[in-house]
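Lettered A, B, C, D, E and F in written order, each chain numbered from 1.
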Amino acid sequence: MSAASPITASIVLDADGIRHGHLRLPHSHDGSAWGHVMIPITVARNGDGPTALLTGGSHGDEYEGPLALMDLANTLRPEAMAGRVIILPAMNHPAFAAARRTSPIDGGNLNRVFPGAPDGTVTEKIAHYVASEILPRADIVLDIHSGGKTLDFIPFAAIHETGDPSQTEAARAAMEAFGAPHAMIMRELDPAGMFDTVAEQAGKVFVTTELGGGGTATAASVGIARRGVRNLLIHAGIVDGSIEPAPSRLLSIDHEGCFHLSPGAGILEPCRDLGVMVQEGELIARIWPADRTGVAPAEIAALSSGLLAGRHFPGLIAMGDCLAVIARPVG
Amino acid sequence: MSAASPITASIVLDADGIRHGHLRLPHSHDGSAWGHVMIPITVARNGDGPTALLTGGSHGDEYEGPLALMDLANTLRPEAMAGRVIILPAMNHPAFAAARRTSPIDGGNLNRVFPGAPDGTVTEKIAHYVASEILPRADIVLDIHSGGKTLDFIPFAAIHETGDPSQTEAARAAMEAFGAPHAMIMRELDPAGMFDTVAEQAGKVFVTTELGGGGTATAASVGIARRGVRNLLIHAGIVDGSIEPAPSRLLSIDHEGCFHLSPGAGILEPCRDLGVMVQEGELIARIWPADRTGVAPAEIAALSSGLLAGRHFPGLIAMGDCLAVIARPVG
Amino acid sequence: MSAASPITASIVLDADGIRHGHLRLPHSHDGSAWGHVMIPITVARNGDGPTALLTGGSHGDEYEGPLALMDLANTLRPEAMAGRVIILPAMNHPAFAAARRTSPIDGGNLNRVFPGAPDGTVTEKIAHYVASEILPRADIVLDIHSGGKTLDFIPFAAIHETGDPSQTEAARAAMEAFGAPHAMIMRELDPAGMFDTVAEQAGKVFVTTELGGGGTATAASVGIARRGVRNLLIHAGIVDGSIEPAPSRLLSIDHEGCFHLSPGAGILEPCRDLGVMVQEGELIARIWPADRTGVAPAEIAALSSGLLAGRHFPGLIAMGDCLAVIARPVG
Amino acid sequence: MSAASPITASIVLDADGIRHGHLRLPHSHDGSAWGHVMIPITVARNGDGPTALLTGGSHGDEYEGPLALMDLANTLRPEAMAGRVIILPAMNHPAFAAARRTSPIDGGNLNRVFPGAPDGTVTEKIAHYVASEILPRADIVLDIHSGGKTLDFIPFAAIHETGDPSQTEAARAAMEAFGAPHAMIMRELDPAGMFDTVAEQAGKVFVTTELGGGGTATAASVGIARRGVRNLLIHAGIVDGSIEPAPSRLLSIDHEGCFHLSPGAGILEPCRDLGVMVQEGELIARIWPADRTGVAPAEIAALSSGLLAGRHFPGLIAMGDCLAVIARPVG
Amino acid sequence: MSAASPITASIVLDADGIRHGHLRLPHSHDGSAWGHVMIPITVARNGDGPTALLTGGSHGDEYEGPLALMDLANTLRPEAMAGRVIILPAMNHPAFAAARRTSPIDGGNLNRVFPGAPDGTVTEKIAHYVASEILPRADIVLDIHSGGKTLDFIPFAAIHETGDPSQTEAARAAMEAFGAPHAMIMRELDPAGMFDTVAEQAGKVFVTTELGGGGTATAASVGIARRGVRNLLIHAGIVDGSIEPAPSRLLSIDHEGCFHLSPGAGILEPCRDLGVMVQEGELIARIWPADRTGVAPAEIAALSSGLLAGRHFPGLIAMGDCLAVIARPVG
Amino acid sequence: MSAASPITASIVLDADGIRHGHLRLPHSHDGSAWGHVMIPITVARNGDGPTALLTGGSHGDEYEGPLALMDLANTLRPEAMAGRVIILPAMNHPAFAAARRTSPIDGGNLNRVFPGAPDGTVTEKIAHYVASEILPRADIVLDIHSGGKTLDFIPFAAIHETGDPSQTEAARAAMEAFGAPHAMIMRELDPAGMFDTVAEQAGKVFVTTELGGGGTATAASVGIARRGVRNLLIHAGIVDGSIEPAPSRLLSIDHEGCFHLSPGAGILEPCRDLGVMVQEGELIARIWPADRTGVAPAEIAALSSGLLAGRHFPGLIAMGDCLAVIARPVG
């Protein structure tokens, strides 16, 4: 990682005031021999104080993050701040502009390639710059996700249990300050390549979210994001004001029985909706063949009891797709 | 329309009992020189009596119709019927199998090419067969729609005001029997090529619906469809039982001010959600540029007062897309 | 058909000698604003006498016709002829150059759009020119087909029974002169748009073939085509020499039970090979699911007794594809 | 043509003042169920007087027209006008937005489908609206073309000789007023479907241009367009001012020997450049095989003497592409 | 290779009995954020004894392996076995489902990326799991190949000469037990990345095959595969019964003169068919230009004497494609 | 780099005489299981003496190099030489055959992946073979570039200042011998992966060029290339004759202010053309919105004074594309 990133920022990152610009990533391609990928960035700073890094658009088909962060970039007043806010509302901008989870340039899933590489793919170059140039400047990181076009979730903020109890405790406090309707303790089954992992290993206070899905946003889900961002900045001591409290229900996704893979392809009929409590063995979905009538559907039963917290969104489903996620209520 | 359709049904349409089969449309293409488009069909009949034609999948990314009708095909018992039910759960099957609004074969939007042509495109051949071979057998027609991947609606059943008051009255009674949460009187701005128009001109009692959208279905929206189908068949006297009543709120979409086109491209931020009453002039959405921060969004105000009944679903929007539909409460 | 074709020939069609050139079809497209589709043509003539029209490449993935006709164009000597031979080895040249059944320009299947139109699609313009400018010059027509990439056939020449017994008899004599291993009397189920139909309605002696398939050719199948073409020209009195006789087995495809459609999608296991006699009810193929082991395959039984004359070629099959063709031995 | 167009204008076309808006064409597609094609339009009017219709972007990869007309729309002051100017800078907007000659929606070449159809393809609907709603309002029409991505031309304005001498004379005067470096009398080989033909048949004074090509524009070529547009409006008496004169060289493209088709595919080496006088038989280009060295190139000789007025632009060329156009100096 | 594979098996691999399931490979993509590639697997075991690993579908367009192995998975009875059989009928399942040689996900050719990587592409993850989790359990490996869509072969089983004579001898005995019509000793010119190499280096008895091609299978070729698989399992002492003997002709592909590359692009005319003995210098094929008549074809002569054992399958050929393979008879 | 390249040359590289052949790169893909990428090469040699390596087609949409080098390969006479010329007119042949900057096989930009890898992508294998097998044989290297489809340049030859003054001096002498209208001293901002860097680090005399652009060539630009190549070979003492002198204007691109990135997307209006001297702050271009009229364009001012040496070519431009390059006159 000693090689330098080819990315340059069009604005300074360490000065007082508020600046809007781009991270410029040279990209020579058939449509532009000397072109650039341009990733929007806003930095607002007022003297010393903690730095919050706020990111959205890690996956390009998730909208609560970009909407709340663009609004924040337009409304932040440095004079009412103490410290710094770095905003990347559409981190994987090529994916975001194409309304796709992954980059149309290289197929890269930004949240699987951290810490990236300065001489890798476009997506790996973005990860490398964020990990090596932006992340070290931050004390607290909020990475806003939603389910994207193929998943839908009840709105929750989430943290991981890291090995360091004080780090976990700080993250938990930040998650509670965010104030989403649900709060989730997650045990990541495959943490390799995630931004979360890199940020936590660097000792940052890291909070993530899932605030909806389906490749859309609603007034309600954007409202949760906007309020949560403001609460978090107040909690971090960067922005003045009082936290708008919201009761969160504590949940956990921490065992194999939380995840339900589709046993085949077909039309997905949800038999229970998001936010409902289900019992182990209860029918939660049916899968119908798409090419004929008069055949019985496959029936999907809950593998564990809990709250139906996530589900496959599109009307058709393939074998191996995640059909449902059941979360265990905690405490 | 004197030319014969190349389509043949693999089952008889006029005999007693229940049969599941396909409409077979010869389709010679690169992937199969002597291939066929295969459209699932179920016919259940018990002696004389009225015929109901139930259709879904006119657009291939709408799921409440296919799910309710596949379930009906699996549970109908002819011995408990009087008359006939013809079920086409995925009328534009090539579009349905591809999870697209239009046919991947010819780009055809089935609900814009009626009455079709026997020597036209694949989509036109489907329309022609339905219009000339299936529709004449029907007394009452229910065509189940939803918003598809790009629109989302409050759930409603709907009819048009035709020139014949008794036909309109029969349709209104059927719509009320269906029992969706909302009932809509629609004035179609551009009725050319629609199945609705062809069926109404043939004197049929015709009911359509919009039961959700986004290219998905929920347990709730499928429940509305399933209950509505059963209510309608009882109302038509084909199936025994008592109608499960549901209060419907009567609405109307009947003037230019109902429709809101997007004035530009960008990220869509909904400021009001579906089902909310809005006042003319009220801010209902903002559109943000997707390529930079620090720029004010475009603001979209309601053109009329009423219930927010429909909206653009994807997170990105293009100029000219239908951003919102406001319905006028009636009575 | 009174409008003039936009196509012009780069060679004269009615003069003595042999000329190689192209039919030039103006085609304005993104890759060439003032471009042309160029269809190879050879005309060889020596004084008065009958005209034979020899065509291949009506479907672009069939190779026995193009190979035998390119060889003929290179070896015909006008001084050894009486009359004229018009050779179009790759009639749908855009499809041929792309190795596809249909045209990559407009998706057109040339053998479904006759008699074409001078102001239609590119494929329709080709059909119109052949039907209105080339066909009227011919007395006898040989249109060489094979199965293409998705079908495979035992090698046969074929004719239709037209309403005119003397025309049918002349076609039968020409088919027998061709001398393929099998000879077929076909009843076309859907003759609309075929070159065969237009040529027969114009009173021409018309012979077609199926000489193999799979999107390839073999030394053996090209040999059948080459010998057949020479035999036919000798039979027509255009070329000197003696016919190389070959015993043909007479077959007929004339009822619904000849055709076997696949009842579903999966991996096709042929249980009988081309050229084998099968009995009604005999297992001829199995279809396995492509996504799992441990499930029994669908079994396909022969619908009639006869010779296995055609079959689906690719390893995967879709619902509605023609899986097998059984021909009835005649006499 | 009695059916109504589905297109509506967002601005009034017949009132005084200047208005910028769009022609809204309903387009239901996979990306937007209730979407619209939006074609920019500006109308400026001051009282009675003649109407000039100025169009660009008939082909979507030609830029002098759109650039000169967008500038005009921004600088026209109605108070300095007498009459009306209707500006359509990007007539085939879907093609223009995609930087393609033809529409990405339906492959339509707008200048081959006039007079269009109200229930046809998107491109045909545009043609129909322009022909039936806009064209009747005009007295004089200027349709600005360039060579697009695949052709390059010396800059010229052009007219056709119509049957009506006074119409031809008026067009010639307008062409001369435009003041391009060259002026061309064209005999269209295949005028079917062209805007030119429809406008001339409607009795309009019609001038067209070719002002460059290659899918780009230069300061020089845009300057010619801008000056020509202003000159034409002054000539028509709509705008005040004095014509900026420019000497035009009169040329004619009126026989087969003007056009040179490529005899094969390969790498195009131009041996003479645009604007040079060449003699019949002179070497003007060579075509090299793209897959090997050590083989002699094909040599292309001029079919007639004259000015090299147009050429194939891309480095690779296909058989049948227009390689060069030689114009005959007149007078 | 110390990193763990992300793949998990849905069945246990080491228990008695027979189980059908999948290897589940997490794959986050635009169509399913939390999706999985699902690779079918069957394991049958009865007590101690040798383990045979039987694989097909390494290339997704080869069908004898998948068909024989799916049949075996359905008919194996553990109680008649001693030892274990592990069946992977479609190893590169994404390629197999798409009927392509390589993976549609990453373009990977599974038989060129061994031993793979746990954090590489999807194809590399499959290779890594097979090499590190499945292969170590095996004593004998049969990897069934055919020519796929672009090559066709006479049916043969094959082995490589490894450095260890006893390993080679054991492989040769297994090849002879398989009983294909031909047996081949191959010297791999470029063994890097092949499954063969990894298995042989691990000391396994390794047999591979080429049993046909063209992207199809026949009753005859599937019969060879089915008989060969059964023979091999009997030979290995895992399944009871007696080997069905079949005389094999021994061949060798071991020098540069076996391979014939196409010197150019065009239409391929085979002048000799598979299975024929040819002499060095004999004409085996001609290549015709695809765009014109009247030009002599290129002629391809045999570079060595022997049996025509393989050939290019599609009707069109490109420069550098393998046109023919001639094998040297041994002994 | 100890691993061997899979590429083999079809001709010997070190013998006297002239030979035309191909570099054969094995490429197993869906269209040809045992196919090859075939890269044309010519080697001419006469006894001892220096070796010149002449390359073109590093980017597949640049034509001056391929045209001049194919001509040279056809006209070089070894008997009039002393030493050796190695010609690779289309180094990235897959890109060249597709008329794209990058390879259609792997998206690779050949001039960004040096020194390549023998087991990497197809593009990396080409780079590795050139760097490890061809480059070591050379004393002087000329790599001919142009702007390609998306950039256009004034014609210039160019060198870099390397750390070794004598190497720089030799390169400068070679550049001056070439005799392009302009001569450029370049400071590469991001030299990683370039052929230039690898060649210079190997101590070669290295000259590159930019001779035009737009994805085309003219008689003038090909003439510059042809004369330059001949001049360079005479200068190197390999070919007899006298250098055809041409006055070159010396320029430098060596600071940030030379490059102008587009601040947004839209239609590019050049306000100054190539070859013009501009002053810092002068308006050089405007960018218009592509979707509406009546909006002011963005204005682009020169960041430095100098000669307009390069510009974006296509009519549409995206944010971050290189809009213009201004070179500083030297001396």
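In the analysis below, a contact is a pair of C-beta atoms (placed from the backbone, for glycine too) under 8 Å apart; a residue touches a chain by one contact, two chains touch by 3 or more.
Being a predicted model, the structure only gives us computed values, none of them experimental.
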Most remote chain, CA-based centroid, reference being chain E: D
More contacts between chains, A-E or D-E: A-E
Interchain centroid distance [CA atoms averaged], chain B/chain F, Å: 58
Separation of chain C from chain E, taking each centre as the mean of its C-alpha atoms, in whole Å: 35
Intercentroid distance (Cα basis), chain E paired with chain B, Å: 49
Set of chain D residues in contact with two or more other chains: 22, 38, 61, 291, 319
Touch-based graph of the chains, sorted into line, ring, star, complete or other: other
Chain-to-chain touches, reported pairwise for every pair that qualifies: A-B, A-C, A-E, A-F, B-C, B-D, B-F, C-D, C-E, D-E, D-F, E-F
Residues of chain F defined as touching chain A within the complex: 59, 61, 100-102, 107, 109, 112, 147-151, 190, 192-193, 259, 261, 312, 318-322
Of all residues in chain E, those that touch chain A in their complex: 6, 22, 24, 26-38, 106, 119
Chain E to chain C touching residues, read off their complex: 20, 22, 38, 40-42, 61-63, 66-67, 69-71, 73-74, 87, 89-90, 93, 96-97, 99, 152, 214-220, 222, 267-273, 288, 290-297, 313-316
Touching residues on chain F, where the partner in the complex is chain B: 264-265, 291, 319
